[in-house]
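In this document, chain identifiers A, B, C and D correspond to the written order of the chains, with residue numbering beginning at 1 in each.
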């Protein structure tokens, strides 16, 4: 446990703040969980979750009155940087990053008092139900429907990409509550316990042969009326209002940076470290990463100055994901036959070109495909008519 | 002059046919005109034009009864290959390749008898008036208009990219003759002497600082009624019917092949011939060219078998032009400061990276931009719904 | 019909006959065999041998079908399109070396002979360290595809080739699973009893590299077709996504790459059939394999992207094609190895 | 306003002041100066000197404006956006070396001092062969931009720097025209009388390379803006071509490359201002120059393509930007030279 309270921590100068976090991580983060090759389940991350909870460090962005650290966006960013640098696994953070802030902003007092402490204690683990099989890039066309019947919403439909739904006991949903309204306008925000009758979760095995994603089915599920957050039919704008500086993280150089280091290891193993034509490719990738970091820093600086991010942050997401992919494609090309191996080379997790290649694939798909991001850049940044 | 008549030539086996052409070129083609860096004017190519005319070799594709060689598409292809291999300049060939075949197919007897001999003799030099400032990729939206007034068409409008119009004394035009018809349907094909009152030609200096292109203006030009070819309002389909195996030539490996040889010379001059990372890039380009040649050969083989070409020939055009451009971009990158020179390095025409770089630019624009070609591939080859 | 026409007709028949083990569109068999031992189906293998496919390229005088590499690449392309895991390319290498030998049962499917030649990653050198002395073989071979299903290994040693029974003393086999659901074997021979064979692998290795390129050609073709069909049916923003120009142009680019790959593979097959000069053949093979490795990964990667989220599930068939390309792209030499070899071998033909 | 805010405000003022020689949107002056001798305008040059721009980056203690490279790259970007041909970057190199010397008239625009340092194509080595002995200079310098307009050359020799009057005996100048309408001078010094100077070009060369990157940044910005405007107004198939998704996405890609270039140039300027370690500075400059060379050519090439046929005319302004990029991309080291230098200099910072 840290010797310092969240309050004291928040008041430190940046460099002291940074060192304090580093020390905490070295002292408390389970070494076996550093840089895990795949997304971990709650059974693995629970001790870490609870350690953060005990330290009062679990919710950096929440206000202190609700048990958060009350950090500025700038400080949260530093904290994330340090966690990333240490190779901390992402845990089941939907309660912390999504539903908590939503309730704090739009929830009733009763909702806040009921849910927030249970998120901090680890009693409630949340997952997100936005996407549907026919509402991916075109999320606004979602069809999962909630119809009011007395004191309950009757819920029918199907969500997909409900990440780690098998770990969760609560799910938050965007659902259609007015099928006559246009697109985004008839959508509401609903909180649903996963143990209600009529809910089925089916893990989807992904290309990485991992089960982090799920499909979640709702068959005439009766949800108490008070589980709606905010106004009816306003779910879409609430969900959008929550998008803050976290969009920056989609463009963080972390993945590319991690991959480039492994590319170098792989090149050494393959005897290519001094090969001039590999060197040439490698230097291009290094420069791409360095320039990406410079661009990322400009956006991070905006956050530090307390400015909100514009649509142009989409550029980071596009550039990072495609750089990450170019790096893993290079790994695949230089690995020789090893590129085909299912498991890491010689059991060394750092040498797993095929794994990283596959893991880099969805980064240009999730969080809005890169095609959608380019649409956004053309429309909202370049303001091209259309 | 060749010892062999066009008739005898046409009957030779391919290899003898090929050697015969080679000998002719060595004996007759002006050495100073080999591989000219820019498009030549008629004042330069006239002796060669007349030499071909005298030999009866000027119109390989025309039937013999009209003074042509009556060669099959396959033989014409061989002839073009040999001309290209020898580095023959393109001359003012619109009469031979475009208007001659059009008249032979769609013209009246009177038109054929009047025009065809004058093309062969060099008395009539033709240029093409299709594009307009607002009808480029969208050619069907052209607005130059011809209105019938007694025995004359009254012509008003403007054409652009009328290549070598300053050399020509005749122009063939696509003009709108029914402004109420939809797009392609109200367009006719008109033959116009350039010395009529109301015609103004203005050379456009291009990015290569050359004057091959022109704008041609028509201000109340009165054109004899009989100068219309074929049926009124059918000009578009006639012009399209003319597109034959010549589409193959837009995808010929010639330009890329020429450029790659010069890239190699440049690399030697810059001391990079043995530089491994240059070698790597160079080998990729070599392989791209070799594979392009293999693909080109498949299409040429279709022509040799007498089959007509489908929309998929657009692939060749896209691939060749972009390969040509990649090669000249590489030249620009390795040339150091020489890349900025307006003139060839040390007066050596073979070493002119900036010139070739600029000349390669329009290949992805003319003949239908590569964007239009990809539209065609998606629609007509892949048959994607749209 | 002229001779060229007749030959084209034979190739068409090869293509059609491949349908016997590649029932149109059905990948259930392929899916079921993933991550099993030995990763392919013995009955199907027997059927493949009954068709005489391992010796399809060999002259009729050597018991083959006389269709040359032009025939074999057509077959390999079709098996690639069906993601067929049976070790045809390995067996054809063996057939090339064993042709003429009194080993007909080996070719008939009773026994499966798999070459074990590689000793370094990303190398085409068939005998760096392995030795064969007094009919005893010692050495270590890597990346042997489907080694778990072999009855014999055809092993290259410094002194020449040899045949070693899978179960012989001194043979140790360990298997690594591959992304496509198969395995790579690492085989250690410690004074294993071996039957020496005449010949060498030079030509067989070139043929295997080219056939692998053709296999990649086939799997890319099918991945592309599946993707085009998906674009036409998947609706977003009220229309099939095939109507979005960016996706249309990307599809056009994939098509161009596929056609380049096809032209490259086919012209290399012609070269192998008609040209006896080994460096010329090697240059043609390197050109085809380099293109196939790059283009097949490009096409299958983009196929995933164009499928969006669904492409990242193991349930969607499209992922099977990416995984197969990941394994085969680097077999018999990576793109980069082949580019380097091409540069060293091929004459500069640009006299323009 | 805090210190950082104040500094940002000064940079804004530099940007605004550049408008004096870059009247918004008007390229007539630029066009008229192309292919003239000396390729730039003396009056404008005098104005530039009156603003003190050649010494903008120098500390106030040395007679400069104290705005450092952060200020100078803003200025160079703006001049690039206006395609300004006056030799500011050359003059700033001279100012860096001459700073502190009693040479105020040289800086005031009365005399133009142009560095002549290069002896090999694509090299950053300022003195391979030139010698300076007994105040006599002998050697040959290449690619000296706008050499025809110089009053003095600042020449690097093995023994150090020297100033040589343009008209001195033993100075022979020949000019080659460049694609942007300027010239490169080749200068031969044959025992030319020279005034030795203290100092060296190390720092000045880095600053010139970075300023050139900034100039490319500016010209790319303007070329992109012109292209966006064209997309919005050019109608084909009944709509502005800006509505075609393929062109929209390409514009998005150009924007990303431009932003990377901007971030790279600006962070290198910070490094030059705050970091004293020469290798660290050089790595930052190499990174920025490599990006700027590639991205500016990418953007201007695509600008031509997006303009279609009209982009291939000399009348369309967009071509001026491509031609300028063609010349400046390789000045003070090509992308490839800078990538190689970066690889040799920069520490691997990926400890992840």
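As a convention for this text, a contact is a pair of C-beta atoms (placed from the backbone, for glycine too) under 8 Å apart; a residue touches a chain by one contact, two chains touch by 3 or more.
Quick caveat, the model's predicted, so the values are computed rather than measured.
Ranked by distance of CA centroids from chain D, the top chain is C.
In terms of C-beta pairs in contact, the better-connected of the chain pairs C-D and B-D is B-D. If each chain is reduced to the centroid of its CA atoms, chain A and chain B end up 55 Å from each other.
With each centre defined as the average position of its C-alpha atoms, the distance from chain C to chain D rounds to 53 Å. Each chain gets one centre point, the mean of its Cα atoms, and the points for chain A and chain C are 40 Å apart. Touching two or more other chains at once are residues 277, 279-280, 371, 374 of chain B.
Residues of chain C in contact with at least two other chains: 244-246, 249.
Residue ranges on chain C touching chain B, taken from their complex, read 228, 231-232, 240, 242-243, 245, 248-249, 251-253, 255-256, 259-261, 263-264, 266-267, 287, 290-291, 339-340, 342-343, 346, 348-352.
Every residue of chain B that touches chain D in the complex is listed here, in rising order: 131, 133-134, 136-138, 141, 160-161, 204-207, 209, 213, 270, 277, 325, 329, 332-343, 354, 357-358, 361-362, 364-366, 369-371, 374. Within the complex formed with chain A, the chain B residues making contact are 275-277, 279-280.
On the chain D side of its complex with chain B, the touching residues are 118, 121-123, 142-143, 176-180, 184, 235-238, 244, 246-247, 293, 297, 301, 304-305, 308-315, 319, 322-323, 326-331, 334-336.
Only residues 244-246, 249 of chain C touch chain D when the two sit together in their complex.
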